[in-house]
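Per-chain residue numbering starts at 1, and chain names A, B, C, D, E and F are given in the order in which the chains are listed.
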Amino acid sequence: MSDNILPRGDLTVRTIAMPADTNANGDIFGGWVMAHMDQAGGIAGVERARGRVVTIAVEAMTFIRAMRVGDVLEVYTEVESVGRTSMKIHIEAWAQRFQTQPSRQGDGRDFHLCPHRRRRPPEPIPPI
Amino acid sequence: MSDNILPRGDLTVRTIAMPADTNANGDIFGGWVMAHMDQAGGIAGVERARGRVVTIAVEAMTFIRAMRVGDVLEVYTEVESVGRTSMKIHIEAWAQRFQTQPSRQGDGRDFHLCPHRRRRPPEPIPPI
Amino acid sequence: MSDNILPRGDLTVRTIAMPADTNANGDIFGGWVMAHMDQAGGIAGVERARGRVVTIAVEAMTFIRAMRVGDVLEVYTEVESVGRTSMKIHIEAWAQRFQTQPSRQGDGRDFHLCPHRRRRPPEPIPPI
Amino acid sequence: MSDNILPRGDLTVRTIAMPADTNANGDIFGGWVMAHMDQAGGIAGVERARGRVVTIAVEAMTFIRAMRVGDVLEVYTEVESVGRTSMKIHIEAWAQRFQTQPSRQGDGRDFHLCPHRRRRPPEPIPPI
Amino acid sequence: MSDNILPRGDLTVRTIAMPADTNANGDIFGGWVMAHMDQAGGIAGVERARGRVVTIAVEAMTFIRAMRVGDVLEVYTEVESVGRTSMKIHIEAWAQRFQTQPSRQGDGRDFHLCPHRRRRPPEPIPPI
Amino acid sequence: MSDNILPRGDLTVRTIAMPADTNANGDIFGGWVMAHMDQAGGIAGVERARGRVVTIAVEAMTFIRAMRVGDVLEVYTEVESVGRTSMKIHIEAWAQRFQTQPSRQGDGRDFHLCPHRRRRPPEPIPPI
């Protein structure tokens, strides 16, 4: 993947990788990136569904390169499609390396979310 | 998925969901589960590769039901196949609900990992 | 402050307030907001100084209203002035309430940062 | 303790030590190990008491060697005795060093727990 | 500022800086210090107002030197003045460097707090 | 223990219990208290040994009552005895309940620490 590809969707989460987020390799813990992607999916899902949502499935993720301490993580989201009781959100994570040239792609994939209902059948997603 | 299916692989991570792990819904944050699955993949990968590894891809994940505070998370891993410089690990997350009947399946999917090398070509995985 | 004032500067940090970030009141811990403002100042300072920076002073902060779990925190930064060995960064925190109308202002103030040097005199900030 | 001693009880908590868990020495913070032992005691106590429990006392703990980043912590528990309103749980922590043979070794001691009741007299523990 | 200045007020928070609290520079994250100052202000405010309080403004802060892992942070507070519905608390952070001579001043400034009331007008602070 | 007993030793750690520190019962996680006691032991041990130390054993702990969110935790330490290569530190945890009178009460026990040396025989503790 070339670095001149632009991120797709809206910037939904932006944060910096800290030493507390490293794994035993000294790189940023992959689960930290996944957790922020899930968080971004939740933010985007709530806005579209106008109510709380829950992640029910994640399609494939690819990690192009490891993040390091000081890198800025950017997660972009775009609602891809909306069904009656679930929606599909495209999520991309980008990393901007500390002190170097612009941002480059981390990975891309889709998250499926549905409105959050405890013990009740899922509720329809309202039209825009 | 019926509850009498048994987990596949070895118990690699086991922990309890705490209030600090909840999302705005009051359920356990999905990213917390993903992060523990990635952690389990790392533990299993290190054992097989006899060296540090890094997650390069994750195949689909499904979340059967939301976890709640007090649930015990169990992550099972099984090395599915080993290539020359990467391996595929099957990872399942199970949740045991606080104070109720036995464990039930959360989800299952494969993680791809390769030996960790900074700025060097990937190293072969040693034979068993 | 009216809600139609727009944030000033670039979106530098964006994240969601989780239950783990609450204080004994059940609101979001004020220190959590301050910490993200400092983090945003660091990100903006690094970009401008092209090197690591450290916060040396913070001017007044005002907290218009308490944040709640599920609110999205947005921190905007703008380099206000650059001296020979320090710079002044304007930082604003905005909160978008979960499930309601658009974003509203949290607070605004300036952070002073200088290039990070251990045991050495501060280094000049490079020209743009 | 020789390395061919087997852990006693059931594997109750299993996790990996991360850089965020280190102390100023660069070793794993002893309190992190204690916290996981308490967590394991809580999990085992809930299963036996069929209700929430609280730790009321801890007998002696010994730390054989410091844990390091990347070590896998395993906590084993066994209900030792059950009184009318409290129980005694034997808890052992074992560490598996990153990238080496299954040499593990940790420490052992008993935790006392009783059913959790706010402002009410303790409730009897049900028979098996 | 000379090191023989004594801290002003009561010791309200005392804790040690851990590796998990570092920033990308390897120093202690400035936001971590701010968060503990806010926490100390909350503790002091609750004692004086005899009820929960919320930070509404912070006056200038200065950071004399960066904290390092192993330093002990001490936060001192003193109620400076009490108005009808808000109070002003002077807050100082001191750091004691690991293994060296006594404590030295970090910084000083005032925090403004008012009693915490959701959606209701602020409540008077009771007389002493 | 009656409430007019005074804490023994020096105030070494003081912090407030936050919602992020709760367990599934909604009380403060016992392991959180243990971790702060260990941290306090480390601070006191470093001061006495004039070098880094490591906890090698903990004598019995008792938890008089559960801590709640908003309680202030105070940990007191006193060096009890110093041997050639290890020392014994008495540690007490006290809790001050939010918004009530200074009634505090916690628990007491001894921690054993020795100077920290990787792969080398323990170093003598210097005389005062």
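To be clear about the criterion, a residue touches a chain if its C-beta (ideal position, glycine included) is under 8 Å from a C-beta of that chain, and two chains touch if they have at least 3 such contacts.
None of these values were measured; they are calculated from a predicted model.
Asks: If each step moves to a chain the current one touches, what is the fewest number of steps from chain A to chain E?
Replies: 1
Asks: Which pair in C-E, E-F or A-E has the same interface as D-E, with over half of the contact pairs matching by residue number?
Replies: Same contacts by residue number as D-E, out of C-E, E-F or A-E: A-E.
Asks: Roughly how far is chain A from chain F, going centre to centre by Cα mean, in whole Å?
Replies: So the centre of chain A lies 41 Å away from the centre of chain F.
Asks: So the centre of each chain is just the mean of its C-alpha atoms; given that, what is the distance between chain B and chain F in Å?
Replies: A distance of 35 Å separates the two centres.
Asks: Taking the mean of the C-alpha atoms as each chain's centre, how many Å separate chain B from chain D?
Replies: 22
Asks: Residue numbers in chain D touching 2 or more other chains?
Replies: Those would be 16, 19-20, 23-24, 29, 39, 42, 70, 98.
Asks: Going by the touch rule stated at the top, which chains touch which?
Replies: Going through each pair of chains, those in contact are A-B, A-C, A-D, A-E, B-C, B-D, B-F, C-E, C-F, D-E, D-F, E-F.
Asks: For chain E, which residues are in contact with chain D within the complex?
Replies: For chain E paired with chain D, touching residues are 16-20, 69-70, 98.
Asks: Please name which positions on chain C make contact with chain E in the complex.
Replies: Contact set of chain C toward chain E: 23-25, 27, 29-32, 34-39, 42, 52, 54-63, 66, 116.
Asks: For chain A, which residues are in contact with chain C within the complex?
Replies: Answer in residue numbers: 11-16, 39, 42-43, 46, 50-51, 70, 72, 98-99.
Asks: Across the complex, what residues on chain A touch chain D?
Replies: 19-24, 26, 29
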